[in-house]
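Below: a set of structures, written as structure tokens.
Each of the next two complexes has chain A plus one other chain: chain B in the first, chain C in the second.
Let's turn to the complex of A and B:
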């Protein structure tokens, strides 16, 4: 069974730790980075199917990461998670190719549902969040 | 699916373009009349009273300002409830502060040469106001906004030399841009706004300066009145604590702290 490669970037380690196990249980191969520069290097080396990134991070922000990911792999689904959500940021993220945006704090189940939908759309039909997903 | 909000003081002209847009998108068209009817039913208030609250600034306002703000809040709430249900095309001049918050709402300003102007004798053209200037005054009074400031909109169209069909084309093409795609965040914003408006509608007559925000079933409420004593704050908290969808209430007496929520 092919598993979607997921990269999770957040400079708060607790966020990555909290989400990694749940995403792995869904059938994803998950790598977590709390350093956006490290994540950027990984993105250049490896083809990730789904990237989940925070926006406000030191040195490289989530929008820059989004642009880099989409340039390398336009099919990748990039999910933005942020504690500073605004209407303007949502528009900018979507314009630059984000798959979705969710504001912190969020329920891990909501993010898992988003990842499952993205994975299913990419053909990873075995990935499930264990609950029904309503259409976006 | 994204929503379209067409704001204009050219009531008849903007309505035609809204009808075309709604028909072609397959969305319901929501007008000011729909909000009046909906709010009248929901709150058991006469339609005439709600309609009066949408008219220009009158003497009535000076004496019944609190009541007027409550009636407007009822109609804003109705608008928000309709937006939670499904994408709509709205045509009118209420709800600007709501649309601002939602990234998947395309805000359109329609400018037009109204039929009334067309029918005027040639000598009178340009000497009388084109449209309902009371709407401009109303918006300035209620939202402190200049309706026709193009900086406030995603799209401004002048249908002076354009028919409704072409106007709808422009709107639908713009709506297709990726930046207006709904997100989990923007859909949640509508639900949060709906709860905040329900609370505001309940409180506004008693606390005319009340400001309410909500996130994840927590209500954040500000009023100057909370500075005057604990009693008002406690009463307010109790009044909304039992409302559907409210899990927790935070009271703010400092506007700066409230702003930062």
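Let's turn to the complex of A and C:
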């Protein structure tokens, strides 16, 4: 069973802490970073399938990461987490090929559904968002 | 105290000031000029009256001299007739009649002479005259008694000579002293106008200097006051003069103008603050999203994975929720603190932490633009005296301006440190587009803006400078186009400078 490589970047550490377990349970291999510089380094040396990134971070923002990811793996799906859905940056990220975006504050289940859909589209059929498991 | 009460209080203060100015005793320039001219008039009247009196005196003395000369003429005539009598035995009647004439003249004028300031031996003259006359009469009687042959009259002759000489002598003396008096008065009449002219000349110089000084002093005072007002100090004008004059009207008008200016300035500051609040609110909405998102994610995780987690993990997550709630609260608090309307009050403020708090307000704007803000605070600085909110407004404005000036590779550096003498400096430096040298001298002018219409009011820096000036400080700017711009806020620290 092939697992999608997922990278989650948000400078708010709680975001990574809370989402990591859930994503792993879905059947993803998850790397978490709260430092966009560190994440950028990882992106340049490893091929990720799905990258979830906050758009507004110090020094390196989500769009720069998006560009870097797309350069190495054009097929990679990049999900953008934004402060406001309507911001310039969010629109710019969609134009630059982001897969989808989700506005803070969001429910973990919504993000998981988004990741599951992306993974399924990429051929990782084993990945489920596990929604039914918790809704019971 | 609510702002309304504050406003009323201030208004009352200005009205008190106006009342105080108008209640001062009147000593107007009109009155002063009138007094000056009146003094001249009085002096002229005195001198003219003096001259008239002198002329009158001269006239009197002159007539005295004339009288004495007529008297003398009569006496001398009488003595000639007397001599003729002794030589040729005739003219005794003529001698008697001229003597009588002289006596009549003397009797007529003796009263007049009594008021004269020359000590006259009028009685002696009169006595001598009477003696002279009686000797002449005695002579006539002898002649009538002895028509044929005159007895020897040597004693009468010598008596007549003696008294005649005495009368002539005294009358001459009197005429001479009266003449002398006439000359003395004439000299006085000549000298006094000359002295008066010299005196008048100096009096006029003095009056001119006195009046112009009295006129220039309040004028200079007002010029200095306008300079102070131009710097943004709207304290009412309160001249030290004890009197009310034409300038008081001007001063009252200036104070009314100041009241208007101050209320306009305040509404400018307010509108400018509202603009900053608008920018901030967008940033704060975003800033709030982070802790709310963290709370949401944590709460959901707790719900979803409750059974899989250990008790310490539960506690950690609940603590996270509490922590993030606190964070939300402080973000809201910060914004409210900035917008809250409260009485302007000066208090000792740690400039470093105030600047740091302000920078936090703009943090989200900075993050949206991906511009880092680097803080460099010197530690152990003395506090400044200031109005916390107003200072925050100034620094927020500077930081937001800096953010507007930089592009993607922008960097904003904020420094607080010792300046020269008793001052601290807070610098906001950006590596943005810089300010054109042509524009640089105008950036503190009200309504001057380089931003497109609707983007900036052109009031930020003007209002900021006004606020900093009120703190006894100043804002300076240095810029190189394409390289950097540094705004330096200089504030006096406390308690070294009482002006703070």
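Everything that follows uses one rule, which is that the second predicted complex is superposed on the first by the 125 of 136 C-alpha atoms of A that agree within 3 Å, B and C clash if a C-alpha of one lies under 4 Å from a C-alpha of the other, contacts with A are read in each partner's own complex, and residues count from 1 in each chain.
Please note the rule applied: a contact is a pair of C-beta atoms (placed from the backbone, for glycine too) under 8 Å apart; a residue touches a chain by one contact, two chains touch by 3 or more.
Because the structure is predicted, anything quoted here is derived from the model rather than measured.
A:114 contacts which: chain B (first), chain C (second), both, neither?
Once the two structures are laid over each other on A, A:114 reaches chain B alone.
Quick one: is A:90 in contact with chain B, with chain C, with both, or with neither? Answer first, second, both or neither.
first
By residue count, is chain A touched more by chain B or by chain C?
C
With the two structures laid over each other on chain A, which partner does A:105 touch: chain B (first), chain C (second), both, or neither?
both
Touching A:15 in the superposition: chain B (first), chain C (second), both, neither?
second
Quick check on the output: what are the common chain A residues between the chain B footprint and the chain C footprint?
Residues common to the chain A contacts of chain C and of chain B are 87, 103, 105, listed in rising order.
Touching chain C in the complex: which residues of chain A?
12, 14-15, 18-19, 21-22, 56-59, 61, 83-84, 87, 89, 103-109, 134
Can you list the chain C residues touching chain A in their complex?
285-286, 289-290, 292-298, 300-301, 304-305, 320, 324, 367-368, 370, 372
List the residues on chain B that touch chain A in their complex, please.
Answer in residue numbers: 100-104, 177-186, 188-189, 216.
What residues on chain A touch chain B, complex-wise?
85, 87-88, 90-95, 97-98, 100-103, 105, 110, 114, 136
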